[in-house]
Every structure is written in structure tokens, then in C-alpha cells.
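A, B, C and D are the chain letters, set down in written order, and residue numbers restart from 1 in every chain.
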Amino acid sequence: MGFFAADGPLPEANPGQFFMLGVKNCGDDPLLKRPFCYFRKRGNTLEILYRIVGKMTSIMKGLRPGDEVEILGPLGNVYPVEEVFFECKKTEKTEKTKKTKNPLVIAGGTGIASVYPLLEGLPGRAFLFYGGRSKKDVLLSRELRAVSKKFIPATDDGSLGFKGTSVDAARDFLNGRAPDDFVLYACGPNGMLKAASALGVQGYIASEEKMACGIGVCLGCAVRTKDGYKRACKDGPVFKTGELLFD
Amino acid sequence: MVDRGNKNKKLEVRIGGLKLKNPVMTASGTAGYGAELAEFFDLSKLGAIVLKGISLVPWQGNPAPRITETRCGMINSIGLQNVGLDAFLREKLPFARQWDVPVIANILGTSATEYTRLASALEDAGVEGIELNVSCPNVKEGGIAFGLNLKSFAGLIRAVRKKVKNPVLIVKLSPGAPSIEEFSRAAEAEGADAISLINSIPAMAIDVNTRRPLIKNVIGGLSGPAIKPIAVRMVYQASKSVKTIPIIGMGGIITGEDAVEFMLAGATAVAVGTATFMDPMAALKVVEGIGSWMERQGIKSASHITGAMLSDIRRK
Amino acid sequence: MVDRGNKNKKLEVRIGGLKLKNPVMTASGTAGYGAELAEFFDLSKLGAIVLKGISLVPWQGNPAPRITETRCGMINSIGLQNVGLDAFLREKLPFARQWDVPVIANILGTSATEYTRLASALEDAGVEGIELNVSCPNVKEGGIAFGLNLKSFAGLIRAVRKKVKNPVLIVKLSPGAPSIEEFSRAAEAEGADAISLINSIPAMAIDVNTRRPLIKNVIGGLSGPAIKPIAVRMVYQASKSVKTIPIIGMGGIITGEDAVEFMLAGATAVAVGTATFMDPMAALKVVEGIGSWMERQGIKSASHITGAMLSDIRRK
Amino acid sequence: MGFFAADGPLPEANPGQFFMLGVKNCGDDPLLKRPFCYFRKRGNTLEILYRIVGKMTSIMKGLRPGDEVEILGPLGNVYPVEEVFFECKKTEKTEKTKKTKNPLVIAGGTGIASVYPLLEGLPGRAFLFYGGRSKKDVLLSRELRAVSKKFIPATDDGSLGFKGTSVDAARDFLNGRAPDDFVLYACGPNGMLKAASALGVQGYIASEEKMACGIGVCLGCAVRTKDGYKRACKDGPVFKTGELLFD
């Protein structure tokens, strides 16, 4: 994985949103921009967290300060957070009692980039389950621990934290707890999203379906929902649990 | 009539009875029904907007993955997901007609009757143009049979032409047509007002790590700059074959110079498809690019570019 | 017999009666008659070398410019410049046969008689394989008529098959064939030992600054990675159509993984063309790339890759 | 124009030869390597002189120290120099009288890169005619003056040296002189080569026909000669005057 930082006039982005990013120094190969989650802003710098998997990410790795990139966004919808955070503040003010839910955040792979700004916006409130194959795949441990109420890493080989997937870890944690006390936020590969949806916790999951345009015109990023195909880029990437159907 | 938004008459071209502010359209299926692109620029700055293909009844489209990138191109297998005629007339068309720009509907059916019913309904609804898609590589029912067989191709155009008087009738050729020349001549003979080409070319790609096809339906349509030289050649062949009707060229146009290349080869207008996925402003940039090329070359009217390739040596 | 230079039996494949050390050949017209590439690597490390197309009499070829680069591809119009049969037999073939690698001659003529005369002479000279080029886009006389008409296509193969017993007979399909499926079946039915595809695709490009075609003859053939997805699709269609004969796939292969993609789609062997222009060692690197992919995937024999795409859902 | 320098184990090149150069940081666009003349070597650094005209040269301009490139070569034949230089040394040694010829060098555009190493190898002996549209197009004046016997710049607008083309300047110079006293070396665009061939001076001209492979296998770089088409890359780029035919 690597960090990617861009300076310049950057519009405000919200948790769950993404950018389409392209490089300018080559010809038309790679052709399309690639989607990357809004990870965080530091000063006037937009940071993206990415895994080097192919053509574009390899080129990104080779970029150096001063190289130009093209960024389109922020795009897509956001993780709704009223019921867990803003509503809760309102409640305090109006002194009405309203039971607030606890954010249960599950991330797989680069999905951590998607939920990171959510965690930053809910400091010290979320239960975070995030893992990878092995200890070295679990990034940002220190920061994640700092921003969450409880950070439970999970590794397939047990080299760090829970031995199993992040969803397994969450299931274990929920054992004996009331699912209704929690609101789910999950981002990761399809298999993980399917498993997370099956936990019985209502909430939101963000799709990382492949995209061509990112703006809703190509219909390439179709995800199957109970109301037919929807566009991950424009109707999502964040969907309510139960909305997405998995094979 | 006030000529809103077209101070630059130099870029004007004509497709049949339709006057376009400039030669640049959206390519069907790459700009939805207009709403999303309108968030990025004023659609009335284009020559025309060609909408996503529609059928009589809604189609849900193909399963994911529907797209994959290839070298300088992409394969898609959307499967003509569309809302169907009724919802189109009710929801999409009125929205698309809010800009001062001709709206061209793209239609496809599984029989000549379906095509004529669609065309009639669209004429009644007042669309300025109808593009017959007989070349979708992604659904067996997508009219591809009409695109590959000269007799049913001619018959289809004849049938639709009989029904439709006002809208400009555009026929979108299949790049797999056994002879671009014969199909172009047939389209003109049967009364088409214009020919558009090319649609995406059947293609496939396999992920060698998973050994699975990168498109769920295995075969999809290749578009983008990779196919441009094939598209320019077909436009050239079509334009040499017809007597008078104009050609609308497309296939990998990214820049104004790409568009000019199609026009030099014989196109009167062009459409921008895949480039819009690379950059939502692509079509608008193509308009500007044609303008500055004309400026550089001292050409006074876009219509003068059509077929203006020099030293046009026919092959021996 | 000592099995020189092929310690790695894993890569062996068969094309008809011909055993290849590995699935990788040079593509006709992209490796001359072997001499130039031999300055860069030992040609016996390839599966076979396919020589530049030859005709009965020498052809001088087309005027310059003959080549131009396009996005991820190139257009060529060499015009089958070649030394003719006599000089080929006298000078080129003996040279090409000095390596321990099967030599496949690529032939083209303007009539079935020319093809049969060429094939007979080559059989007499002892070449291991003959590839019928019925698909050159660059000369009207280049057999393209045979490649586009099913009846003359079948007739040509029948005529050559009657004359030629020993060399493996390969038919190189035209990507413009009205139906890859029908032509593949016809080739097999008429006795071809293998089918190779694709040849370059007719294409053109124009320099918008000079307004002149970038290829003197206007139309040339597009090759390179741009056409790979089209080529993979055609190889897939051909392999689904034939009963038993092998397919030799080509079109934009640069890496071992590209080659594997063709093989997963149904090819038994592959040819490397344009990539050799990018890097003289390309074909050799493809051999190595296939080997390391097999290692990674734990596949024991290259012949197991053929058609091994998973979840091969036919189109509905 | 720009300079391009590459370090690494570089084979020896001779005047007239060229390299195929490609960049590694992009995908397959640009696809093919591009031919560039062997310009000069300084220490362990290969220098190329290039004009930014399109895709590859624009990418080259953006390269920075440490970026990797692919170089194939040296390729092609060389400008023969025996009769003007080595033969002349032999003559001195053997004390036989042999009339040596004077190198008459004509360059147009980036053709100067081709003849530059020739001039360096024949220091103070060549009559050099080299020009461009205007003063600013005439590069390396100081160096060229240093290595040639006489350097006559030519510009279309007369802003430097002779007003006219470099071939015009050479014709003017030859007026009243015996063509047989000279041996021609010319490199530049086709029109210039045609004009130079017509000067009546025997010698060598180097073609810059477009190339795909550079190694003789594609037949893309065909030049018309009195013996039919030949390959600029393998049979050339240097041809005898009278060998090449021009339209």
C-alpha cells in the first residue's frame, strides 16, 4: 500500500465519498480514471490510501512531488451519521432521552480508507473491526486505536488480534449483545460485505464495484438490489443493509 | 427566432433537416438521458444529445462485471439496461428536452414491428431524431441480426421510414456488417437521412489470475481510442459509398483533432462516447478543439472539413 | 534423437503432426526470414518460426509511409514486399532452417493455382508447415477475396490440401470474415490442420495538420495491443466452432500473460508480431512468461491451458 | 529541442548510427520505441539531441534523473570516413601522395545530431552548412564552430548567416569550386536530402524515414533506391548519393 497526496484547490468531501483519479504524464493507457475513497485531508492536502494492484496504482507509486494528476469529485453519497452522532448531540441539547446507537465499523482491505473519515468524525465512539491476512496487512493501527472506542484487529493467521476475518471478529463481539444497539458501517470486498450484511445489524455498506465513469452515465458499476440494478457510483457507493443482494 | 447559444455559426452542420450548432453529439449509452452530464456543463453547447438506447419494455441489463479496461479501450456489456418506452416518455424525455439542443433517441427492438412502434411513439412525442441501433453486440435481441443481414437490414429501414416523417432517421451500422459499403448504400436507398458508425466491436478479455472472463457475459463491446483507426476507415468507406446522406462518425474520439480526423475521412458530425467516462467534459472539449483546429487551419466552416482529406489516393 | 534445447517438456504443444517446444511462434511478416532476430537470441528457443509471406514472383511492396502508430497499436501497409518463391528457396529458406526449430512458410497468391504451386514447391523443399494467408488487408491480390467469401475459401483449402501431404497446413482467417464460426468449420472440413487468427484489421489514420493519410495507400492493417480483445474473442469463437483442430492465436500479444489469455480462450499456440517491433526479444519473453504463469498456477503442461477459462458461460 | 542523457553500460556507437528509445513508466501508449541519432558520449553518459514534436518526445521532456528508459542499439550503418580521414593518415605514414577530399556536411533540423559525431571525429576538417527557419533554430553554434573548419549557418529569414536553406548556402559555396574535392555528408528531411543530392557532390546521405522496429524486420522504413525498396534502419540510414530516389 502507499499514500498518495495531492495539493490544490480541493472541494470538501464527506465520509463514504470517492474521487476518480487519473495520471497526466502518459498516453491513453491506462485509459480510465480509477476510483479511490476520500481518505483524509491534512491542511490543504488530500490524502488517498491505496494498494498497488495494477497499472494505474503502479504508475501512482512512481509519481513524485510536482507531477500532475487529474481528480474528479467528490462523487457518490455519504455514510449517514445523524442517528449516531448529530441526533445524539441534539438529544443532549433538547434533553430528550433518545437511545443512540453505537457505530459498528467493519473494514476489509482498502475498505479502511472508506471508513477512516467516518471514524475521525465520530472520535472515540466506534467499535472497529478491521483485518487482513497477516499482521503486516493491518495498517494504521495506532491511528485507528486513537480514533475508535475499541479497535479489534483480525488476521487470518492470527498473527495480530482475532484469528479470523473482521466479520468473524464482529460476530464474536456481538455474541450476547443486542444487534439493535449498533449501527453497521462496512466497506470491503463483496464476500465481506455479504457476510457483514448477515450479522443482523442494520446500517450501511459501501460497495467497491468496478467503475468506468464514476458519474452515473455508463451503467458499468451495476450492483444488484432488491429494486433491480443500481449504480454503485451514483446511487451509492453507500447502501442500506438489506438493499444490496449478493449471489 | 433568437439563435441562443450559437454565436459561432462557423461550427454549424446539417444532418438531414436538422441544423446542429456544431458537429458534436453524445454517443448513445454514454450520456444516459442527459441529467448526469448536465451537472458538469450546459448541454445546449453540444450539437445534439443522443440518449441511451430504449426498448418497448424495460430491460434490466446484464449481471456484473459489465466493464473492463483493455489497452487504450474498454469492453462493456451493459445489456441495454433501460427504463422502457413508457417511463422514457413520461420521465426521461421531458427532462432531456429542457436544453436548447436537438434530442435524438436511440432505439432497438427484437422485430421490425417493435422498431416501428418505438419510432412512431417517439415521432408523436416530438423527438428531433431517431437512431436505429441494429448493432448492439450485447444482447441477442439487440437488433444485431438486422445489422448483419443485408435483406433484413433494408427491410427494417423501409418499415420504419414508412412510419416516420418528421424526425431525422439515423441508422447505426454494425462494425461487423459483412460490407460497410453495401450496407451504407442500402441505408441510403431505403430512405435513411444519415448513417452513424461505429458501434462497439465484439471483444473479450480474461483475467489470467482467476482464469475467469472479465465480463460476466464473456463477450462485450470494445470502444475507445483502440478502435479509432478501424472506425475512421469504416467512416471513410461509408462516405465513399453513399450519394448524399451525411455520416456521423464515432469510435474513440477523445480530442478535437480526433473528431477532425473523422470529418476529414468523410463524417459530417461525430459522437463522443468512452471519452465522457474519462472526463465528463470531453464532448465540450471536442467542440472547442474542432474550433481551434479550424482557426489554425484557416477553415471557415465545419462543413468544409467533411471529406477534405488531401491526396486521397484510392487503393489500387 | 537428442532433444536439444528442450529440457522443459512442460511447454510442449502439438499443431497437427508438428511437435513444438513451446506454444510461441513469430507472426508472419514480423520476423523477416529469421536472420535479423537471430542477432538477438537463439531462434531455437521458440516453438516455431513463421516467415514473411511469399508469393510466386517478387513483390516490391507499397510506397512510404508504410507505417504509423495509433493508440496502443500500429497500422502497416507493407504490401507484402517479398523476394518471390525462387529467391526464397535459394537464399532465405536454407538460412531459416539452420536452427533447431520448425519453419512455417506463409504464402499468398492471386488464384488457387498460385497457392497450390507455392505449396507444392514448399513441400518439396521440406518446410514443416505452410500457412495460407487469405487475409492480407494490404494488397487486393493478397488473397483477401478468399478470406471473405466462404465458397472460394473452402475451394482454396480443398485445392491446396489435395496437393500437400507432409507439411502442417494452417489457414489464417481474415478478421473481416462474415462469420468466424462458419469459416473455422469450413477450414476444418476441408482438411486444414490448424487455424491461425487474427491478421491485422483494415484501418486508417489521417494527419490533421497536413490533412494527408498517414499511410500512403490510405488503408492499412491495424495490429498490436489495441486489437487484442477482438482477437481473443475471435479465437474463442473459432475454438468453439471446430471439432478437433488447434487454433493459433495472435493479435497484440506482448507478455506471457497475453499469450495465456489467448490459450485460455482456446488457442493451442500463439504468435507474437508487433511486440517484436517494440522489443526484439519479445517472443522469447513470452515463452518465459508462459512458463512462470504455469509455475504460479501449478499447471503442469501448456496443453492444459487451452480452453481452460473458468465459468465459461455461453451468451444467453 | 532538448537534451537527453542516459547513464549505464552503453555500447560504443559510431557516427550515423541511431538508437531506439522507449519509456518505461507508462502503459502501451506510446507503443513503439522511437529512433534517435547517436549524438555524443560524455564520460559514461549517452547524449541525445531531440526536438519535441509529439507523444514520445513530450514524455521524454518530463523525464527526470533516475527515470528508467529502454535503449536498443546502436543500430544501422555508419558514415564511411576512410577516404577523408583514415586514408589520409595512412597516406602521411606511407608518404604516398593521395589527394584527400574535404568533408562537406549539410544538416537540416535534428539532422545536426546525426552529423555531430562525424564532425567531432574530423576536428577542424569539415565545411558545415546547417540552418533552420530562424536564428533561434540554429543550435550549438559555438560547439559547431569549434569542431568544423568552416561553419556556415543558414536561416530562411536571414537572421543568422546565409539567407536561405543550408543546401542553398552549400551551393553558393561550391560555386567556382570543384565538386570532386569534396565528399558530402547530409542528414535532414527528405526535401533537403533531395536538394543536397542534386549538388553534384558524391558522398553519403542519411535518411530519417519513420521506423517501427529499427532492426530490419518490419519493412516499414522502406526508402526507394535504384535497386528497389531498401530498409532505412538496416540497409541504412546512410546511403551513397545517387542510391536513393526521391519523388
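Here is the rule we use: contacts are C-beta pairs under 8 Å (C-beta built on N, C-alpha and C of every residue); 3 or more make two chains touch, one makes a residue touch a chain.
On a predicted model such as this, the values are computed, not experimentally measured, just so you know.
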Those chains which touch chain B and also touch chain A: C, D
From chain A, the most remote chain by mean C-alpha position: D
CA centroid of chain A to CA centroid of chain C, Å: 48
Intercentroid distance (Cα basis), chain D paired with chain A, Å: 58
Rounded Å distance between chain B and chain C, as computed from the means of their C-alpha atoms: 34
Sites on chain D at which at least two other chains make contact: 27-30
For chain B, residues contacting two or more additional chains: 71-73, 225
Touch-based graph of the chains, sorted into line, ring, star, complete or other: complete
Touching residues (chain side chain D, partner chain A) in the complex: 25-30, 55, 59, 62, 64
Complex contacts: residues of chain B adjacent to chain C: 70-73, 75, 140, 148, 178, 201-206, 208, 210-213, 216-219, 222, 225-230, 232-233, 236, 252, 257, 260-261, 264-265, 293, 297, 308-316
Touching residues on chain C, where the partner in the complex is chain A: 71-72, 225
Residue ranges of chain A touching chain B (in the complex, touch as defined): 22, 27-33, 70, 72, 209-213, 215-224, 228-229, 234
Chain A-touching residues of chain B, taken from the complex the two chains share: 29-32, 36-37, 39-40, 52, 60-69, 71-74, 76, 78, 81, 224-225, 254, 274, 276-280
